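Got some structures for you, see below.
One chain, subunit A, appears in both complexes that follow, with subunit B as partner in the first and subunit C in the second.
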Partner chain A sequence: MTEVATAPAVPVTGRAHASLARLVRAELRWIFRRPRTLVVLGLLAVIPVIVGIALTLVDSPGPPGGGPGGDGGGESLLATAGGNALVLPVGTLAMALGLLLPLSAAMSGADALAGETAHGTLRGWLLAPVGRGRLLLVKSIGVAVFTVTATVVMALTGVLTGLVINGTGSLFTLSGTTLSFPAAMLKVAIAAGWVALQLWAVGAVALAISAWTEHPMVVLASVLGGVIVFSVLGLLDALDWLHPFLLNHSWTDLGDVLRDPMPGGPLAEGALRAGCYIAIALSLAYARLSTKDG
Partner chain B sequence: MSTSTSVTGVDVAEAASAPPVPLAARTRGLRKLYGRTVAVDHVDLDVPEGAVLGMLGPNGSGKTTTIRMLLGLVRPTAGAVSLLGHPVPEHAGHALPDVGALVEGPGFHPFLSGRENLLRMAAAEPRLATSDIASAVGGALERVGLSDAANRRYRGYSLGMKQRLGLAGALLVPRRMVVLDEPTNGLDPAGTREVRAIIAELHAAGVTVLVSSHLLAEVEATCTHVAVLQAGSVVAQGELAELLESGSPALLVSTPDGTAAMEALRGKRIPSRLTPEGVRVDLTATTPPEVIAALVHAGVEVHEARRDRTGLEDLFARLTQEPQGEVRS
Partner chain C sequence: MNPKKRAVTVAVAGTAIGAAGLAVMAMPAGAGEAPELPPVSAQELVSSVLRADVPALAGTVRIENDLGLPSMPGLPVLDADSARVYHDGDEGSRIALEQGSSELTVVQSGDTVWSYDSAENSATKLTVPAEAREHRAHAEEEFSDPASAAGRMLDYVRQSSTVSVDGTASVADRPAYELVLTPKPTERTLLREVRIAVDSETRVPLRMSVLTNGTTEPALEIGFTDIDFAQQPANLFQFTPPQGATVTEERPQAHDERLPEGAIGEFSGEGWDTVYVGTVPAELTAAPGSEGRDVQGMLDQFGTRVSGDFGSGYAIETKVGTAIVTDDGRFAVGAVPQQVLTDALAQR
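For the complex of A and B:
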């Protein structure tokens, strides 16, 4: 081991930073090499298939028992998803948005900072050095890419399952009109994009908590607890002044995508809300990260 | 602030005067509080360029905290740090690309192989061109003797292999300074020798090295300079050779006839005493040639005569065990 050492063959550049693209590539490789990521994506991919098959077998309006979503929006949609290739992907997205998708976004945010701190690997990048602002940028890009992937995977298998079970002739909107295949795909894409934005907001909050702790579990528990508390608060009419501030207030409006014409109000409001959450959460994350001991 | 680095009878006066050698790293009046606990206080550390400085101290003496402040990972409560001429943590970004570090043990992802872990680390190194990353990683792995295990998952590495991988991370790029926090932790004797060899190579290449250790032999074997920390303060620092000889100078003469030697020296009024290793002659008032001449003239057989070093171990024990009034908790 000693022969090679004295004259290091590696040429040295005069750069002060590694390029952002290189950091993002390394981050994405790390995210998508992680077994946990792949397992979660695999599970999310299977959900629409299971739902599609179950609805075909049961073939009765009204789902048996409460799903994990629990807040009604996804379930009432799912009631019409049997025999409809357009409603299935959007319906399963709406259902998973209740709990499963936020959980996976939280996992991604938890691993990004708290998980890396726990492994002692964040220090490696800080010492390279990667500036703390760049670090947060790379991390939030990573979380965003993961949430988009999760949504796209679910939407895709949903569409495929719906098409396999019901064929292209089953693309009805909730308003009763029939859509062409491209128009239907556009609606699914809008739904997936909107869900991804909501999840990015969840991921940003997770990143903010992640910057404050070195225990990924704390991040998961806080986000999960937050989603549940927000859902409960959203059900209390006495607190309706608070509802516009709850991130998941408009999550049940996802079904609007399936109407023809599409009412944009609640969805736009939801997107704006998600944007605010992202801005605030990432600011908090930066405030913490920039002063944190590495 | 920078006046009282010598305590406990060890006189290291150079610390305060203007250093002739440029410093690779320097701290002044460094202080770090965690809540109400004082982790580090009044640390004035000088790391001369090209030196191998051993930071010696018992567990909890503030070695790692000092290193973390030196690298800008931790913001000091008070005091100033300069690293390769840049103030830290304000401009740590200018210094860190040329500094390799292994701090607080190796940190890697268990599900990635050693090589993939290093590739991820290398991606963040500013000084590496993208096209050189793979070869730099290969070279670093070879340098620490991990080539054969490079494609195994980090999860399955032994403690020594993990430590080697951490070392490889510090050596990814040719550096101006390398900081190693307890680099021989968990290494077998062969691994320890290899680390010493790496440090020696870095030193030969003109790289400044800062090594922390609680192992005295380690520091004595590898370092040109030493700084001793105790309870969060530097209690002694300077060149290793100076510190080693800072006790009363003495000559150790091995002879078959100790009593005759003692008598001959007494005749010349040279103080000496008999020890198990030979006759220990005090050199405060005389020189080795005079001692040997006196012995030879008296017909005493001299097999060997060498300087009796106090030994860093004695020094260390003295520095860290004597109760000290001025060191607060």
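For the complex of A and C:
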């Protein structure tokens, strides 16, 4: 961080081209050197392993479909994940998308601006001859890289756990078609990419709140509160006109990746919705950041 | 531009773009303009539907029901609200019913029908016996002259209803004729009309809506939300059970043995106020708790007590139909008001 703050002072002409790559590199090093980042990533990596082992050990003889099905995305998907190496990674992603992953995206967004303000390190950025737009770009790339890392780590350990427990023959869809390894990996990659996009939207909202406050806890609390309020609103049938506006409205559609042929409509709509949230949140973050005094 | 002004501009523009995007998604897929189509008579329309072979297609079917039915545990089929349908234009078809996060897939190719339930990882193979296929072929022969078959069908339907082509509609972005069946005023039924939207080009029925008296929204609507008439990949109509699946093979008998004896009832009445009257199988009313189906408890919960000439029992009323189960184990069901059911029960 210190090198970023001091380095641009020398070549003043380099303002426009203060090597974006170098700024991003510095930011990423900053993110991935934080112990809490690594702890969170480690915990996320362990979740699919725990779920996989637990489902194998429990291995209930009775059909899991006996309970009231269709109540949520992750939980009922996990019911089928026991003997299926394809459902395990996607199912755990769907489960974690409920609360854990948004929480870690919010943490990353909170650290990016509010956290640095609290430590006084954002001052260096604001005083340095780096455009505020570039600052926001660097910060949002940082959040995006973190969210992608989080989902990829989860998906990878999920796939590995599933393959170790059930073997390569167990890569089959909810429609009963057994997939080849590359085709299955493509599906997992689509799921991970889609989840990362949703998390980027959460992270963008966190960045926007982050730009307006100097307390990282405020960011965490408001994003977490928002996720919970949105889930509750999503459960109320009387408010169904509001549902398309809620970011997590399409989060339960992640299971569609596992269907064959894959119905693309709900997933595309979810991606578009995330894009709208990103546009709103980043423009608000920029507005605040560009008027912030050093 | 000073930074403050630019900040406000960016904030407003970005928010506007994002909000507009969300609003577009929130907008209901409107029915759109009724398309202009050459007029067609009801008879021509019905005969062309009978003549048409279903082409290869892929589509999504949505089931909207506003039946006013109490949500009953243990009836998972009613939970399905969306299905993906594929047809190869010949003998292969595939239906995928989405139920929450699981799926029920039915694949048919020729005389083999596979069904697969992802929640239980179980597959069932059903081989349709030759007689059934012959029977179907025979039925098809009867329809071999669609014009006269349509005439006969219409004659029968017209005894109790008015059949007309009432304008056009746009279903799944395709122009369609609306065939409307309206019960004659003498019919005692809860239904106001049944509308069937028929694709103007391929003459495939695209949507069916059941409307009841006193409402503008259909009580039951089954229709394509999107449909694509194109050749489908052949592997869609093949099925191999996945690893670890429980596979059972079934051969249907001449008459279905799974149906308990004594459940058979009969139809009484004609046209729209047809009522199905019969006897509830003893196994169902016996000790509650077997297989978790507590019939008596369900009746207590959803039914209302009724009594009259027929005896006494429970009535369950929905927007499209009524059912009565009497205490001595008889039942009557129909798309009719309660009065018609009690009359039918009293006659027997």
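Operating definition for what follows: the second predicted complex is superposed on the first by the 266 of 294 C-alpha atoms of A that agree within 3 Å, B and C clash if a C-alpha of one lies under 4 Å from a C-alpha of the other, contacts with A are read in each partner's own complex, and residues count from 1 in each chain.
The rule we apply is simple: a residue touches a chain if its C-beta (ideal position, glycine included) is under 8 Å from a C-beta of that chain, and two chains touch if they have at least 3 such contacts.
Since we're looking at a predicted model, the values are computed, not measured.
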{"item": "Which of subunit B and subunit C A:P263 touches, first, second, both or neither", "value": "second"}
{"item": "Touched partner set for A:P35, first subunit B, second subunit C, both or neither", "value": "first"}
{"item": "First, second, both or neither for A:A128, with subunit B first and subunit C second", "value": "first"}
{"item": "First, second, both or neither for A:C276, with subunit B first and subunit C second", "value": "second"}
{"item": "First (subunit B), second (subunit C), both or neither touched by A:T177", "value": "second"}
{"item": "Touched partner set for A:A26, first subunit B, second subunit C, both or neither", "value": "first"}
{"item": "Most subunit A residues touched (candidates subunit B, subunit C)", "value": "C"}
{"item": "Subunit B versus subunit C as contact partner of A:T291, first or second or both or neither", "value": "both"}
{"item": "Overlap of the subunit B and subunit C footprints on subunit A, listed as residue numbers", "value": "291"}
{"item": "Residue ranges of subunit C in contact with subunit A within the complex", "value": "3-4, 6-8, 10-11, 13-15, 17-19, 21-22, 25-26, 58, 60, 73, 76, 79, 84, 86, 96, 98-103, 105, 114, 116-123, 226, 236, 239-245"}
{"item": "Interfacial residue positions of subunit A with respect to subunit C in the complex", "value": "63-65, 68-73, 76-77, 79-80, 83-84, 94, 166-167, 169-170, 172, 174-178, 241, 244-245, 252, 255, 259, 261, 263, 265, 269, 272-273, 275-284, 286-288, 290-291"}
{"item": "Subunit B contact footprint on subunit A (complex, rising order)", "value": "1-2, 4-6, 8-19, 22-23, 25-26, 29-30, 33-35, 119-131, 291, 293-294"}
{"item": "Residues of subunit B that touch subunit A when the two form their complex", "value": "68, 71-75, 92-94, 96-97, 99, 101, 103-112, 116, 119-121, 123-130, 132, 135-136, 139, 142-145, 169, 172-174, 194, 197-198, 201, 204-205"}
